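Letters are used for the chains, namely A, B and C, taken in the order the chains are written, and counting of residues starts over at 1 for each.
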Amino acid sequence: MKFNHFHLAVAGLAAAAISLSAAAQKKYDPGATDTEIKIGDLKPYSGPASAYGTIGKAIAAYFDKVNAEGGVNGRKIKYISLDDGYNPAKAVEQSRKLVEEDEVLLIFNSLGTPSNTAIQKYMNQKKVPQLFVATGATKWGDPKNFPWTMGWQPTYQTEGKIYAAHILETKPNAKIGVLYQNDDYGKDYLKGFEDGLGDKAKTMIVSKVSYEVTDPNIDSQMVTLKGSGADTFFNITTPKFAAQAIKKAAEIGWKPTHYLNNVSSQVGSTLKPAGLENAVGIITTQYNKDPTDPQWANDKAFLDWKAWMQKYYAGGDLTDASNVYGYSAAMTMVQVLKQCGDNLTRENVMKQAANLDMVLPMALPGINVKTGPNDFYPIEREQLARFDGKTWVLFGKVYDASSN
Amino acid sequence: MEALLHQIFSGLANGCIYGSIALALVMIYQATHHLNFAQGEMATFSTFIAWALIQRGMPYWVAFALTFGISFAAGLLIQRVILRPVEKAPVLTNVNVFIGLLLIFNACSGWIFDHTVKAFPSPFPQESILKTAYFSAHEMGSFLVMLAVLLSLYAFFRFTPVGLAMRAAAQNPESARLVGIRVSWMLAVGWGFAAAIGSVAGMMVAPSVFLDPNMMAGILLYGFASALLGGVDNPWGAVIGGMIVGVLENLLGAYVIGTELKLTVALVLIVGTLTLMPAGLFGKRVVTRV
Amino acid sequence: MSRTRWVWIGWALLLVAAVVLPFLVKNYRVFQFNLVLVYAVAILGLNILTGFNGQISLGHGAFYAIGAYGAAVLMDRVGMPYWATLPLAGVLCFVLGFLMGFPALRLAGHYLAVATLGLALAVPQLLKYKHLEAYTGGVQGIVLVKPDPPFTFRFLGQPFNADRWLYFFTLAVTIVMFVLAWNLLRGRVGRALIAIRDHPIAAAVMGINLPLFKSLTFGVSAAFTGVAGALGAIVIAFVSPDSFLITLSIFLLVGMVVGGLASIPGAFFGAIFIQFVPNIADELSKSAPAAIYGVLLIVLMYLMPTGVMGMVRKLWARWQPGAARLRVNVNPGAPVPVSPDLTKESTT
């Protein structure tokens, strides 16, 4: 039989059929196999920010739970979390170890704006996903310039804008005093706040004072703020200093309308030490359920979370909101992996991350996780809440930054 | 005017905080001629122990006394077990060991007691006789406690034989041995006292600053500055140095340069003062024979 | 063969090993080696001041930061090529170090330690200062572009990429800095520094201009650490105020003591310690890695109180035939301390 056009056509069709079925088969990038998905992470287990190391442990515990229940699409998650000590130089080194030596599929929830800024260019050059970054800086949602980097939590600037909007609505003649931490965290919040006030920022903000994390307390700053005659107070601090500020304000007899940033708003770790009676009337935004807030004590999602903590992270602190944060972030990651199915290439991981539409059980009702090819901000909704002495009472509408 | 007074008094209250840790540093210096970098973390750890005891239901002053005792014993043990092997080594080797201790205590505080902020009770009730217009009851109370510690320290070194023996052991160990002083034990007792004073400082500081593993990190640096500003061999100097640093910082931040640079300017002023008075404000000038 | 011949062969072998090394390992290890070299130069700078000259500095992280930011600003805002920034960073830090030397003249021991500590605390605050933000990038820092290699080839199966090019660049700079230091310290200047450290009054009587020497030493030491900082900025390709906290100064001090005071090769061992031991500690414990680091540090100090080179010198001295043991040792025994002097052996 001579080899003619007919045979060529059959051969061509067969080849096409084989390659099509190959496309429907499994595709892996380094870090993914039939049995395992390697995920890397950078967390400060030592150094000045070691308080946030518990997020890494919570994530590990959540992945333990997922693995115990069969893994994701039959694959177990291998979670490699390295210590970067909140030092950008160490972060660069450890991220390279994760990508080049441990050959992880992606880096997930790396913490700290300086560390993430240091590795952002490298991750994008190497085309390795830098997913669900654990900081609220606004710059992580920039798919045009950094298509491999995505944030997770509502940004600090969004939150600042929400407070500004609320003040303009309810107290347009307010005299505002601001206390902020002198680093990227504090300044990002401040920028959002000032942008939200627009032209009125200069006239409304009568006093802006900063503090360093090495300061023992912020008594002097509180005295300055009271002396400026401000009747509204925007408190941009981390939990310890927030507690100090609330207590000192009560001690010196200053009772402004008090806006407290979300990071420091837990009942158990900030308000209780400061004195619950001193915290009445404070306003914050929330997107997660506060594990120390009595209103969630019988909520199913909270009880699930508590059971998970007791089984998989028995040494963890049930009053630490960081453990809710880690739980929810890990849940988001697992959802992305589930959506990837058998196509575990890095490109597909980013594609699925940019294709999320889910609800987290430990998030507040009405808060969703939604992303798109041009929307790299997964959680954009927050709601205002006011403290009544026992619990955070949600009020008003759910603000959605994606409409801005 | 009111605001100015507030700032000054708040600075004095802060100065108490710095002064108390500076006292512990001076104590160790007078006993061993070393500056203990781990002092802050040891104080934090002691405060955590006190917190744990109070959580278990112990009354405040019992827990206070017990923590004082435990810290004394721990300080003694640390000197005997950990510092003895490097007693004869160069000073910087000792400094490295202090840094190692700092890291260990800090990490252990975080590991055992968590990083969440904890409230620590104050023994001075809010509305007591101690409260004044500008000072809270606790601030007044801590000031009095610090004064008591200072006076006891001064009296101890000046008027007791043990204190004299300790000073001799630190200044001239060879001669001290020749007159029969057990130099090694003097060092150990010195460490014990310093650890105990540190625990008192921690327990006085924690109610206003809140307890977490990094509570003393910033305070220790200010404590160093205060101790050296006042003269590192003078307990009075430590306290006055602390007051000066506290008030200076507040006034700089509120009126002169703003809070973003107040640490820088305060440090420049301290270094400048030391340049003019190299042994600190109240320190002894060391004069040596050629 | 004569002894010098052996020494030359030894150095040549070491050089060959250093040149081949980056091609034997993966990229990320090369990056780690680059950091070791950078820290070695920084620790060498500190050692010149503290080890050889006896002026304790807890603030060399400040000079490292200034060198790093100097290089970053020149590269990013002025557009200078990366290799040109090194000498400028060195000169800038020399001037600042020299100026810092003046108050240092009046201070000794613990007082100088606190003054330099103040410097280390002040620099990050200044870097964050809003009126300097246009130059320093404020709290966000400056992201740099990693330099590309000028040519590429493959050797032993590995490509000659940016990391390996930077390795050779860093190695060349390190060799230059070490040779400079060795040259400086082995002659009259070195002896003068050691004399000032051990017997300042006698040194002054012998005609050494104490203030000038001490300030110049501060300047030179700062220049070395500043060049290291600039190199570090190029290797890491990012600077921010949070990269240069007080912990950096403390670790440089730790590395210097671990390597051995008054020792030039000791700087390498110190750099290896501060670069790799945190990684080891991290692998041993996630709950308290800093505690493991502390324990390892203390154990090392027990085993080698005078540092790695101190131990090497002791062993080397034992190996020597009788007459050679009388050679002058740069680490003399325990003379009477004149003022609180932190590099000397305790007399307890």
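Definition applied: a residue touches a chain if its C-beta (ideal position, glycine included) is under 8 Å from a C-beta of that chain, and two chains touch if they have at least 3 such contacts.
The shown structure was predicted, so the numbers you read here are calculated from the model rather than taken from an experiment.
Q: Please flag the chain sitting at the greatest distance from subunit B, going by CA centroids.
A: Farthest chain from subunit B, going by C-alpha centroids: A.
Q: Most C-beta contact pairs, which chains?
A: B-C
Q: List the centre-to-centre spacing of subunit A and subunit B in whole Å, with centres computed as mean CA coordinates.
A: It comes to 38 Å between the two C-alpha centres.
Q: As a quick test, compute the distance in whole Å between the mean CA positions of subunit B and subunit C.
A: Subunit B and subunit C have C-alpha centres separated by 31 Å.
Q: From the C-alpha centre of subunit A to that of subunit C, how far is it in Å?
A: 38
Q: Name the residues of subunit B that each touch 2 or more other chains.
A: 107, 110, 221, 260, 263, in rising order.
Q: By residue number and range, which residues of subunit A touch two or more other chains?
A: Residues 46, 48, 50, 53, 182, 212, 214.
Q: At least two partner chains per residue is the criterion; list those residues in subunit C.
A: 121, 125, 128, 287-290, 293, in rising order.
Q: Mind listing the subunit A positions that touch subunit B in their complex?
A: So the residues of subunit A touching subunit B come out as 46, 48, 50-51, 53-54, 182, 209-217, 219-221, 223-224, 226-227, 239-240, 243-244, 247, 251-252, 268-270, 272-274, 317, 319-320.
Q: Touching subunit A in the complex: which residues of subunit C?
A: Residues 26-29, 31-32, 35, 121, 125, 128, 138-141, 143, 232, 236-238, 240-243, 245, 247, 278, 281-282, 286-290, 293 of subunit C touch subunit A in their complex.
Q: Once bound in the complex, which stretches of subunit A touch subunit C?
A: 45-48, 50, 53, 56-57, 81-83, 85-90, 92-93, 96-97, 99-101, 113-114, 117-118, 120-121, 182-184, 187, 212, 214
Q: In their complex, what parts of subunit B are in touch with subunit A?
A: 2-3, 6-7, 10-11, 13-14, 17-18, 107, 110, 114-119, 136, 205, 208-210, 212-214, 217-219, 221-222, 249-250, 253-254, 258-260, 263
Q: Would you mind writing out the residues of subunit C in touch with subunit B in their complex?
A: Interface residues on the subunit C side: 50, 56, 103, 106-108, 110-111, 113-115, 117-119, 121-122, 125-126, 128-130, 201, 246, 250, 253-254, 256-258, 261, 287-291, 293-295, 297-298, 301-302, 305-307, 338-348.
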